[in-house]
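Order as written gives the chain letters A, B, C and D; numbering starts at 1 within each chain.
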Amino acid sequence: MTTLAFLLTESLNALSQAALLFFLGVGLTLIFGLMRIVNFAHGALYMLGAFVGYSLAKGSGNFWVALVGAPLLVGMFGAGFELTVLRRLYRRDAHAFLMVTFGLALVVGEAVRLIWGPDALQVAPPSALAGVVFLLDEPFPVYRLFLVATGIVVAVAIWQFLERSKLGLLIRATSQNADMASALGVDVKRIRSSVFGIGCALAALGGVLAAPLVTASNGMAATVIIDAFVIVIIGGMGSFLGSLIGALLVGFVQVFGNYYLPDLALAFMYLVMLAVLVVRPGGLLGKET
Amino acid sequence: MSKKVGPSRRAMLSVGLAGAATVASPGILRLTAKAENAPIKIGMPLALTGALGSVGQQLKRGAELYAKLQNAKGGILGRPIELLIEDTAGNPANCVRKAQEMVERQNCRLFTGITLSSEALAVVPKLAEWDAVFMSSDNGDGRLTAESFVPNFFRANISGPMGTRAVSLYLRSGKAQKFYALGLDYAWGHNSVQVFEDEVKKSKKDFLGKVFAPTGTKDYSSYITKIRQSGADAVFLVLQGDDNNAFLSQSQQYRLSEKVRLLTEIVDLASIRAVGDAALGLIGSSRYSFTYDYPLNNEFVALWKKEHDGAVPDTFEGEQWQAMKVLEAGITKAGGIEAAKLRPALEDIEIESVKGKVHIRKCDHQGVQQGFMVEVVKQEGIATPIPKVIATFPGESTTPKCNSMTFDD
Amino acid sequence: MRAVTRPILIVVMLALLLAPLGLPPFAMTLLTEALILGLFAMSLDLMVGYTRLISFGHAAAYGMGAYACGWMLLHTGMPLLFAVFAAALLTGVIAIAVGWMCTLATGISFSMLTLAFAQLLYAISFKWTSVTGGSDGLAGIPRTSGPLGFAALSGKSGFYYFVLACLVGGFLVCFALVRSPFGAVLRGIRENEAKTTALGYNTRLYKIAVVATSYALGGLAGALYAPFAGFANTELLFWLLSGQALIMVIVGGAGTLVGPILGAAFFMLMEHQLSSLTEAWALYFGLIFIAFVLFAPQGIWGLATAWLRRDAKAS
Amino acid sequence: MALLELEGVTRRFGALVALDQVAMAVEEGEVRAVIGPNGAGKTTLFNVITGTVKPSAGTIRFAGESIGGQPSHHVCRLGLSRTFQITALFPEMSARENARLAAQARHARRWQPFGGAGVFRQAAALADAALEQLGLTSIGDTPAGLLSHGDQRLLEVAMAMAQQPRVLLLDEPTQGLSVEETAQAVDTLARFLQASRMTVLLVEHDMEVVFRLAHRITVLHRGAVIADSTPDAVKADPAVQDAYLGGFA
């Protein structure tokens, strides 16, 4: 393998991981930006996405159905949870959200185990994406290129949504100041439900897309929630661009770090986070808290 | 690291404790009085949920079928078997607490099925105090019969080093010359990779390098790149659960097996089901395979299918079944379950099991048994690939020296 | 209020003192573990309830205490009494550095820095095999009895009394602390940190001090756990335990000291009993937390005091 | 010598010059107001004096000691106490506890981690005195968060006073109050200032309030001092009228 081929394939690997991390992080950061909620159930919803995706793919025989359907269903579930439970808590302190989302994580995790069983389940990529392409004579999985492309598409879509659409504008206004927004006649309640739903849908999208790489398994929630936190914190809580940068930074450091210093694999993310926070306590693009 | 404990001193201590406990505790006196038909309680603090919940569930099913059939035959020594099954979620703190509850509240003195090595290592030092015997059915950590050995511990299953040894014996006659190894970054991974490295070097082949990934790794691309760059003919994998599934799925997407032969320390059905065709061509040792053609095994598989709507028994279902059989033989021979009687009865016992002869050797309580090599292949009429037995090795050649994890030749 | 709770606390104290005489062995085992976890949760309450320093990494304190104590008991032959306190002290000293770093940030960033430290320790516990035993952890940790007639501590009831004494001692320390001038400043930081600084308090020093105290007491709990369970392993440093500790504090009632002790006992006993009844225990466990948030926002201690108050009014 | 003296104090935020060579001397017992249009640098001036923002250049002397660039908790302990433009209180504590915590900050054993009855007693005495000075004794046990807006503003002043400061810095004490509330608060403040002979540095938007309370006025415009005189002289100054007062006088 030439050095150039090595750098190219590893960079693409890093980008594909960054895409998966981004789906997790951006949902979390949107929710935080708007509602100041640290959603501990984010990992569980990611897992739910993978399992719902499994069933949809199996039932329809079509991965694309899963790719669209799972985020939709999980997003609706999230919006429903906001409507029924979270809505009652906005006047309460952070403790309430912490515990209620922790509770939700346990409930979703166990429900997945009860419905789909304890064994890991296979979600194969669609046949169009199952092959390899040769990049500088080295085989590279098409599926990973697809992840990179999806990451770019979703990032651009969210960015345009926030910048251009009316709801996006309202979300940005409400993130700045909820009282002012409601004084302007904005229906804050509806925005909160939508954003919580969108955040959960993005987590589920991450889950469906990760499933062909790691299978749908009961253990997948435990580790990703921390990854998502780290990315969001590195980028700055509530910052869309920050979550993108955080995901890229962690993706590259992890992939190259695993290669050059595998002994530190467990520590890279935290070292990056420590370094960033010591220099900029609010995260790279965050406001000082 | 933990010191080596001479069995004799601990043994004497536990006998002494047993005596003292019998005198001191009215509960035990009451129980011994009606021990004739009191149930035999077997404690199983299992990881039924959590990342290794799949393994815990297998152990549970294996034990439950055994207990059901054996109780239908009148139990052991005319006493019914009562399984005390509890979930630990794979957390050693829960495991120790649940086990302690079984001892203190239910007066349970037999354990099996403790799922994770970390759980087993936490429980094992307490066995003497509890005066309890622990028959391992899935713990692979070589240390349990080496540095961490205690007299009340027995292992009916194939250990990590034994699995690795089977792989290396198989390779001696193979064409592959250059090897690389990838293990999980914890005790089991390190031990097994070490055994493998020694074996490769002993057989005068090239060991090109090794790398360890932490449990919970989701992206194996960097490790796959390392394997590809090493130029090895074959890579030895010591992976488990989600990590194993992730690696196999991703290496298939990289077409890794077209270039490098994949060898693994442990092949099990749950993993094959999870990754499907990505497991095809995988060669590895198996702790138990339903495909092993042997009268007792065929009988067991038939029983299992009848009970479970035609499903075949998985690795740890078979292992747990065998562990129960060993325990049964020991209890029958000892005429009771008291550790002081059961321990000598189990030492040097030999039974016919689903995997052939199993002999619990006296020196470190390891069950000496055949090693199996399987290859994952497609079979007509079955959707998921199956592990086919391609070689067996006698127990004498796959079991390490007493109280160690290494091999002489 | 105080007039109502004080006699109750005295009765509970007496019951705890007499427990070994009447309780069966396993109830004693559970009670001892509940008290250890209670001490751990109470130590976190100093940060969460009294200073609004929400730590996502308190497992670091527990794990450090457990490993340090376990290592000393296994390798130095130091008696139990000294090893436990030395481990707590060591945890507190290391926490000064941790506190210094983490208090560079505030709010959620503070929480994440504590998490980062805990996870780095978790990674270290895997790698520093010669001291921590790697993934196997330290097993077979003895309760080495000491000189000066402290042999009784290694027995079942003796150890229970030792744990009880540590919990009561820890409680008195916390109780005095939160009612002292120092504690008044902590309340100030909790309610409005910028204002507290403007009044002329060097709030960062107070925060570092409270982190160190909290970790030292959390370390004490961990140091008791190691000889109690006989092992120390990486799970004790994992973030899941940090999350659980936070839940114990909130479910019990943050900022009450007694509440988190009850919360810890509730959490542990609930998990233990539920998981015996059903494999789907996590489902019910999660629903209980959600119900608590919705219907008992003040936590267990809030429920208990409200009930006592009503009782007192009725009589 | 003046109690608080500023010389050539400059503060830049990037290209923006928020304070430009500000010089000013506040005598003991004087009530000095700083006025100026929005963005003139009034709040930055407060922040520079109290140490929340470091000056880019210049010296600040308090009772002869240079305090420029010292951390705010240190500056505060020397005897400069401030209030904030946006009410900053401890909402769950009673008014008395708010003032007591403020007084405690001046106590040598403010950090004592046990007991502390003596510390509390002494601080409470100062707190009660300060509440009395501002006419808040009757609401001493009410949680600060539940007080009326006017009382909250006065409580802030009481908290500053409980610290027995040598200079009191008031940042828009009537900010956010209604007309009636303002009138009441200004009455109370005027009575209190007269009785206490406190040295005060005051930033205020409401010109009526300024002319009622201040002995002397400094006018800031784009970070620079454009006038520094008695209220009447400032009212008459055409430069000030141009820059700021408009048609007020």
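Keep this in mind: a residue touches a chain if its C-beta (ideal position, glycine included) is under 8 Å from a C-beta of that chain, and two chains touch if they have at least 3 such contacts.
Just so it is clear, the model here is predicted, and its values are computed rather than measured.
Novice: Go through the assembly and pull out the chains touching subunit A as well as subunit B.
Specialist: Touching subunit A and subunit B alike, sorted by label: C.
Novice: Per the definition at the top, count C-beta pairs in contact and tell me whether B-C or A-C has more.
Specialist: It is A-C, judged by the count of C-beta pairs in contact.
Novice: Chain with the smallest distance from its CA centroid to the overall CA centroid?
Specialist: Nearest to the common C-alpha centre lies chain C.
Novice: Would you identify the chain whose Cα-based centre sits farthest away from the centre of subunit D?
Specialist: Taking each chain's C-alpha mean as its centre, the farthest from subunit D is B.
Novice: Give, as an integer number of Å, the spacing between the C-alpha centres of subunit C and subunit B.
Specialist: Inter-chain centre distance comes to 36 Å.
Novice: How big is the gap, in whole Å, between where the Cα atoms of subunit A centre and where those of subunit C centre?
Specialist: A distance of 32 Å separates the two centres.
Novice: Taking the mean of the C-alpha atoms as each chain's centre, how many Å separate subunit A from subunit D?
Specialist: That gives a centre separation of 48 Å.
Novice: State, to the nearest whole Å, the distance from the C-alpha centre of subunit C to the C-alpha centre of subunit D.
Specialist: Once rounded, the distance between the two centres reads 43 Å.
Novice: Which residues does subunit C have that touch at least 2 chains other than itself?
Specialist: If we look for residues of subunit C contacting two or more partner chains, we find 126, 281-282.
Novice: So which bits of subunit A are touching at least two other chains?
Specialist: 110, 113, 222, 263, 266
Novice: So which chains actually touch one another? I want all the pairs, not just one.
Specialist: A-B, A-C, B-C, C-D
Novice: Spell out the residues on subunit A that touch subunit B in their complex, using ranges where they run on.
Specialist: Residues 1, 6, 9-10, 13, 16-17, 110, 113, 118-122, 124-125, 130, 132, 139-141, 143-144, 210, 212-215, 217-220, 222-224, 254-256, 258-259, 262-263, 265-266 of subunit A touch subunit B in their complex.
Novice: Under the stated contact criterion, what part of subunit D meets subunit C in this complex?
Specialist: Where subunit D meets subunit C, its residues are 50, 52, 71-74, 76-77, 81-82, 84, 88-93, 97, 100-102, 104-107, 109-116, 119-120, 123, 159, 163.
Novice: Provide the residue numbers of subunit B that touch subunit C in the complex, in ascending order.
Specialist: Residues of subunit B touching subunit C: 1-2, 48-49, 86-89, 91-94, 96-98, 100-101, 104-105, 117-118, 121-122, 124-126, 141, 143, 148, 185-188, 190, 214.
Novice: Could you please specify the touching residues of subunit C with respect to subunit A in the complex?
Specialist: 48, 54, 101, 104-109, 112-113, 115-117, 119-120, 122-123, 126-127, 239-240, 243, 246-247, 250-251, 254, 280-283, 285-290, 292-294, 297
Novice: Can you list the residues on subunit B that touch subunit A in the complex?
Specialist: For this pair, the touching residues of subunit B are 48-51, 53-54, 56-57, 185, 211-214, 216-219, 221-223, 225-226, 228-229, 241-242, 245-246, 249-250, 253-255, 270-271, 273-276.
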